[in-house]
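Chains: A, B, C, D and E, in written order; residue numbering restarts at 1 for each.
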Amino acid sequence: MTSDILKDAKKLQTSFIPSGNFKESFKEKEHDKNISIQIHERSVEDEITERTFQDVSLCYQCGKCSAGCPVRYYMDIAPNKVVRLIQLGYYEEALNSDTPWLCAGCLACSVRCPKEFDLARFMDAVREIALEKGVEIKQVNILKFHNAFLDQIKNHGRSYEAGLVADYKMKTLDLFQDVDSAPGMFLKGKLILLPHNIKNRKEIKRIFKKTSGKN
Amino acid sequence: MKIGVFVCHCGENISSTVDCLRVADLCKSYSGVEYSVDYKYMCSDPGQKLIKEAIHKYDLDAIVVGSCSPHMHERTFRNAAVSAGINPFMVEIANLREHCSWVHDEIEASTRKAIELMRMAIEKVKRDKPLTKINVPVTKRVLVIGGGIAGIQAALDTANAGYEVVLVEKEPSIGGHMSQLSETFPTLDCSQCILTPRMVEVHQHPRIKLMTYSEVERVEGFIGNFKVTIRKKARHINEENCSGCGLCITKCPIKKKAYNSFEEDLAFRPAVYVPFPQAIPNIPVIDETVCTYYKTGKCGMCLKVCDREAIDFGQKDTIHVADVGAIIVATGYKLYNIEKKSEDSIYKGYGEYGYGKYRDILDGLQFERIASASGPTSGEIKRPSDGRVPKKLAFIQCVGSRDDSKGISYCSKICCMYTAKQAMLYRHKVHDGEAYIFYMDIRAGGKMYEEFVRRAIEEDKVKYIRGRVSRIYEENGKYIVKGEDTIAGMPVEIDADMVVLATAMIPQDDAGSLARKIGIPYDKYGFFNEAHPKLRPVESTTAGIFLAGACQSPKDIPESVSMASAAASKAIILFANDTLEREPVVAKVNEDICAGCFYCMKVCPFGAVEVKDVKDMNGIVYKEVAYINQGVCQGCGTCTATCLSKSIELAGFNNEEIFAEIAAL
Amino acid sequence: MNELIKHAKELLEKGEVAAVIGYRQVSEKRTKPVIITEPEETRALVFNEYCLNNLAVYLTKARIKLLGRKNNKSFKLAITAKPCDVHSIVALIQENQIDRDKIHIISFNCHGVVKDFGFDFNGDNLSSKCITCETHKPLYYDKLLGEVKETPQARDSALERIKEIERMPHNERFEFFRSEFDKCIKCYACRAVCPLCYCQRCITDKTIPCWIETSSHQRGNFAWNVIRAFHLSGRCTGCGECDRVCPADIPLSLINRKMTIEANNLFSFVSGRSLETPTLVGSFNEKDNDELFM
Amino acid sequence: MRYGYFPGCSLTSSAKEYDISLRKVTDKLGITFEEINDWSCCGATSAHVTNHKLSAALAMRNIMLAGQQGLDNIIAPCAACYNRLIISQNEVKNHSGIRKETEDLLSVKFEKDLKIINILELFLKSGLNKITEKRKRELSGVKAACYYGCLLVRPAAITKFDDAEQPESMEKIVEATGAYAVDWNYKTECCGAAHSISRRDIVIDLSKKIIDDAIAHGANVLVVACPMCHTNLDMRQRAMKRKYPEHKNFPVLYLTELIGLSLGMDEKDLGIDLHYSNFKYADTLMNNSAKG
Amino acid sequence: MDKQNWEPKIVAFVCNWCTYTGADLAGTSRLKYPANCKLIRVMCSGSIDPVFILKAFERGADGVLVSGCHPNDCHYNAGNFHARRRWDFFHKLLDFIGIEKGRLQFSWISASEGKKFADVITKVTEDIKAMGQFTSYKKMNSEFTVDFPADLAELEEPVLQESFDKETVK
């Protein structure tokens, strides 16, 4: 992906200079390729600004976030590059990246950023937008885990780990992972087999329902 | 009153959106206007001639010029008026260019606005009163605050022009940060070698009075007539007796109780010390806080060994007063400390780089001392922790600088250069060593600067990595520097033996309090403000106080020196006359109606308001009123608005004139 | 009251003061200010719930000041002051109008005064400043007299009125004040009675240039009342004398009260409460409210 | 002082021993809690990474419940819950848009901020001398590496509790128990957190580095204050061994368990036997201490 | 008065060193902003008296802007701090009396903020346009024999001239 940008460097120059508006030219590009992502009137950049209360242009690409990121080695694009892609209007590439999904939300980047840009929050927004726009998520297990987790909360009000693990395994069909810990859990009496339901599950359901709508 | 109106086209700058002819014609119909004309270029010689001739021909008392901003040509037109025999303050400018033709598109709207602007100026000029410039005497002596390279240069230049100089330095020796440096970029010549002759020159100059270990306590007065109070701190050494033999220093038994601040805390110093061997003056100081004599009353070793009876334990601070006509402030900078000081400090420190926890993580000045031939390691690059020669060195730029979250948004300007220099010095001294520099951008604007950086890369093989470092931690005696090469898009980890942080340049801790003492404004960081960012860069906004060096913003040596010479020449220009002409825009109290509440005294930023007793026939004081010292008043007019009984008027902008302008709307 | 008379008499007899500014009873529910220079005249002095006038106003008058100077020597003046009047005295000292050393403050433990002469002293007729009063004991004095008594409870109707006005939309508020100010007959009683309006020549008397139109039309009235209130903002100690004397019943102290509240909100300052705190006008804090500015 | 208690889901199941030891220890120190009635999940990582509105609403529901219960503070022993609650409350406070939406969703008005307290703050507040006074067991041989994880001290601007880079509060508590706190580098490095199940490979790598650094700095036990960290550091050691055969079992204790031990409590009572690594704490650690 | 063609009349009191120079910069940068606002130059924002504002309203202004140097940037060190305190008060007073906040606005514009100057003038003009004429104040003016023109467009210039001679400036 990174090399794509480098490859596109020439294109970037030619498209940038004459039109004077990079986003405009990107729109045309999108149109030609006729791909799945719809560019709405509000650009992804605006959406992110709206959700995170911070302007993407704050970032001056020093790379301190990537330098301190604990999961940097597993990412396809450095976190600072994701910001860069958004800054330049390469939304598709940014939304398709693994990086936001691998972000563990440890906030190391956010607390060290010299421009006080909350990158963790930015990654949250990128994920939200990717989901809303129906981008295909490559880190499918991570997404499935989150969905399984949220399903538990939705149904019971609290997470219920036996159900979570079972649900996750159903979702991923990865039946043999964790074989070494789950039995231990049972033995130690830690994995409770019945869900603990809270009383006001109605409210939780309502919260889920109300917040699931697209922005 | 006969008023002349002159409307300038400014080529087409005004006339393209303002119908100048219509403006001039209309102005003719206003009462008091005797003559009104438009012309292509009023500021040109023919234009000025037109004005002068009109003044003579129509016997005008006042003129209004509709032209560019008064900040541009007010002086030109006033001079023209003077040469035609009109008081210069009977001239008003209507700003038809910057405030009208350039900012509006529509001809009708901008013409109407131009008419209104002209009308306001005409109404104002009708109420203008002739004013004469104020003359104040000038004391031809300058005070230089700070004895670094900027202060030294300013002092020498002024003294060589024939004027007396008082140079005040708070440390025991002059020389400043430059004396701490090893070599200087981009020529790599030895810093002390070029500085020391200057220091000696200052010391021996008959017109320079050097006051080291002294601080400015108070500044009163105004341009040409400042009265400065200086506190000379007790050295506990009689300066006249001391020959600078240094016997007391060598015999002092307290060797390791105080860090040597000249060596940036990399070494110790005795209780009696000179900061460095070439110190000027070469007179030691006894540090009361560590000296045994001040703790127990015993020891007195120095007293015993000094055969010139120069040791004076009972010495007290002394207060000196100097009358000066100008002040040059050259207090310099300090380095950002990565240790967090307090919760409410704007400087948040760098916890991720280990808060001065690790001894081999140095700041720029510490590395200068290590690289310096006169430094604690005699110029050999060694780790402070174990004395080993570091084989891998990481330099990190922009530590503190360009970092909003740590308190500083600006670029410290010199770090790119000195980091390149330090990496180069390291490579010269440790041939098998590797040097890595983490940078964000290289800012090498300056003569031979870019070439210098390229030399570091191409000849000395310094590796530049673009990216900010996120963390540094120790592992098996190495310092793991976690960074990201943002160009390659790859994470980088370097196990360095030593790390040098190019920490930001920030103002001295007491910059704010000094600024308040001498009455000059400073920015949110504490750098002193210049009067105009482009056209008056070495003057403070307070008349007669000039700025030199890094106290105004981060600067390298050549810039500091040129700024110092510029400040000195500003002072010399001031001294070229025996008296000083001042704009007569000053406030004046109507003593008859002043109620004596002295709110004016409370609000005056310059302390220009004095108490004046009003006496009756028997000579008995029956009321106290405010009196404004014309020499001190700078003409801000804050008193006029504060005054409840409206007993104060600001000449040139009096209330009647402003009401007239409002009424002309 | 014997104590007051005794003390005042003593002061005059010993020559410590040149005059005593005090109250004398004129009818059952009415007092008047009196200036006493002879010891025997002190028997007229009283202090009770009908001592409405804020006598601090006399301290700045030239005629009174002259009393303090006899044979080229200066003497103290004694003044009987309610604790709230002491606030005015403090403000005057801070504004350099009087010298603390030149006055002798005789003050009292106060439990309130009536809103106007002729009323019975009870909660309903309590002067509005007494309802919220926090200084029943004076902050500064040279002699403290009187016993401590409970202040009657009453509703803070002035504050309710302010709140009520604040709830109105702007145009209604404007209309309300315009019509109130319209009643003004420019008698300047408010100015005459205000201890802090000590200027020899008021801003409204300055006619070259004309700051405030003096004729009694709507626009001039509006300007006068706004500027009067502004000049007292942050200085008014809340004695409420202006309100009491206004023949047109313009709610002057309502505006003053509002500005006092704002001064407290914005700068945590109440005028006349301390000799040490710098005055609000004439000082500033770098951290003052900056919200107003774009 | 009345403390509200928000255990969080983990403490009811996989981190039972944290709950058990916390209750035991606070009981002994005379701190009492009031559990929030009908609390629900804070939303954890899964909510905020996929839907911020949901995340805010789930967290604020618990804060709302605590408020309705008349509490003015909440103790959240789980670092992740603590982080979610404090960040959500801050966000709702500062951004009127989110505030409005969340208020409408929960049909409530947020008027007063609740103080969200983490486990470290709780012990620091209630007085370390209490722990020192009631110490029964000699722990001088315990060399603890205090592991804060990422969510306890970040972001410092909101938590306003300890330094985000060089925190020292847990060390103070550990030293109050008589144990020795080592200085090490990975205090605030991430363990992989929510990827525990979905990206086990990452978690194993990261956790391994943390344990290694602790060992390298002479620690003989890791002390944590977060159930997620504990799961990753403790439960994943078996998988770690498979990937890095040289790995040896390393003890990981909850802070409350360490305090419990110093107060003389039994390992079993504290639920230490529920750990996976099957480490004989008392034998190793205490014996060390006895030897001096 | 023709409502359609009504243009607000706005006065700005600006300090010589920052805002006036900032306005000059807006000019040299050729930034565009509405022509409704006329500047009155004073030396410092600290020297602007509240009476000036009332005078402007009395002269038919629909809005007033007061602008000076940023805090700590004052050419005279502290004039703007005193001004800030004064305006905090005066603005509260006017608000209480019933003059909306938008009628009297305040800003700090430095000499380098030409863009900000243009933006502020545009914003103030738009605010005042949205609020409409300051009829409540102007009504008070109507008591006078000489009805001072509220709108320039209404008048032929000579009439304006005449009115000036009658209504001598006090």
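Here is the rule we go by: a contact is a pair of C-beta atoms (placed from the backbone, for glycine too) under 8 Å apart; a residue touches a chain by one contact, two chains touch by 3 or more.
Just so you know, these numbers come straight off a predicted model, no measurement behind them.
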* Would you mind naming the chains that touch subunit C and likewise touch subunit D? => B
* Asked: For the chain pairs B-E and B-D, which is connected through the larger number of C-beta pairs in contact?
  -> B-E
* Based on the averaged CA atom positions, which chain is farthest from subunit A? -> C
* Centre distance in Å when subunit A and subunit B are each reduced to the mean of their C-alpha atoms -> 49
* Computed distance of Cα centres, subunit E from subunit D, in Å -> 59
* Asked: Roughly how far is subunit A from subunit C, going centre to centre by Cα mean, in whole Å?
  -> 67
* Asked: What residues in subunit B touch two or more of the other chains?
  -> 352, 603, 642, 655, 659-660
* Structure fact -> Within subunit A, the set of residues that touch 2 or more other chains is 108
* **Sites on subunit E at which at least two other chains make contact** => 72, 78, 82, 86, 169-170
* Chain pairs in mutual contact under the definition given at the outset -> A-B, A-D, B-C, B-D, B-E, C-E
* Contact footprint of subunit B on subunit C as seen in their complex -> 69, 72, 95-97, 198-203, 206, 208-211, 231, 278-279, 281-283
* Sort out for me which residues of subunit C touch subunit E in the complex. => 165-166, 168, 170-178, 203, 207-213, 217-219, 222-223, 226-227, 229-230, 233-234, 255, 258-259, 262-263, 266-267, 280-282, 284-286, 288-290, 292-294
* Structure fact -> Listed in rising order, the residues of subunit B that touch subunit C in the complex are 592-599, 602-603, 618, 620, 624, 642, 644-647, 655-656, 659-660
* Structure fact -> In the complex, subunit A touches subunit D at residues 51, 53, 70-71, 74, 102-108, 110-111, 118, 123-125, 127-128, 131, 139, 141-147, 149-150, 152-153, 157-161, 165, 168, 172, 177-178, 180-181, 184-185, 188-192, 196, 198-200, 203-204, 206-208, 210-212
* Can you list the residues on subunit E that touch subunit C in the complex? -> 50-51, 54, 58, 71-72, 78, 81-82, 84-100, 105-108, 120, 123, 136, 140-141, 143-144, 169-170
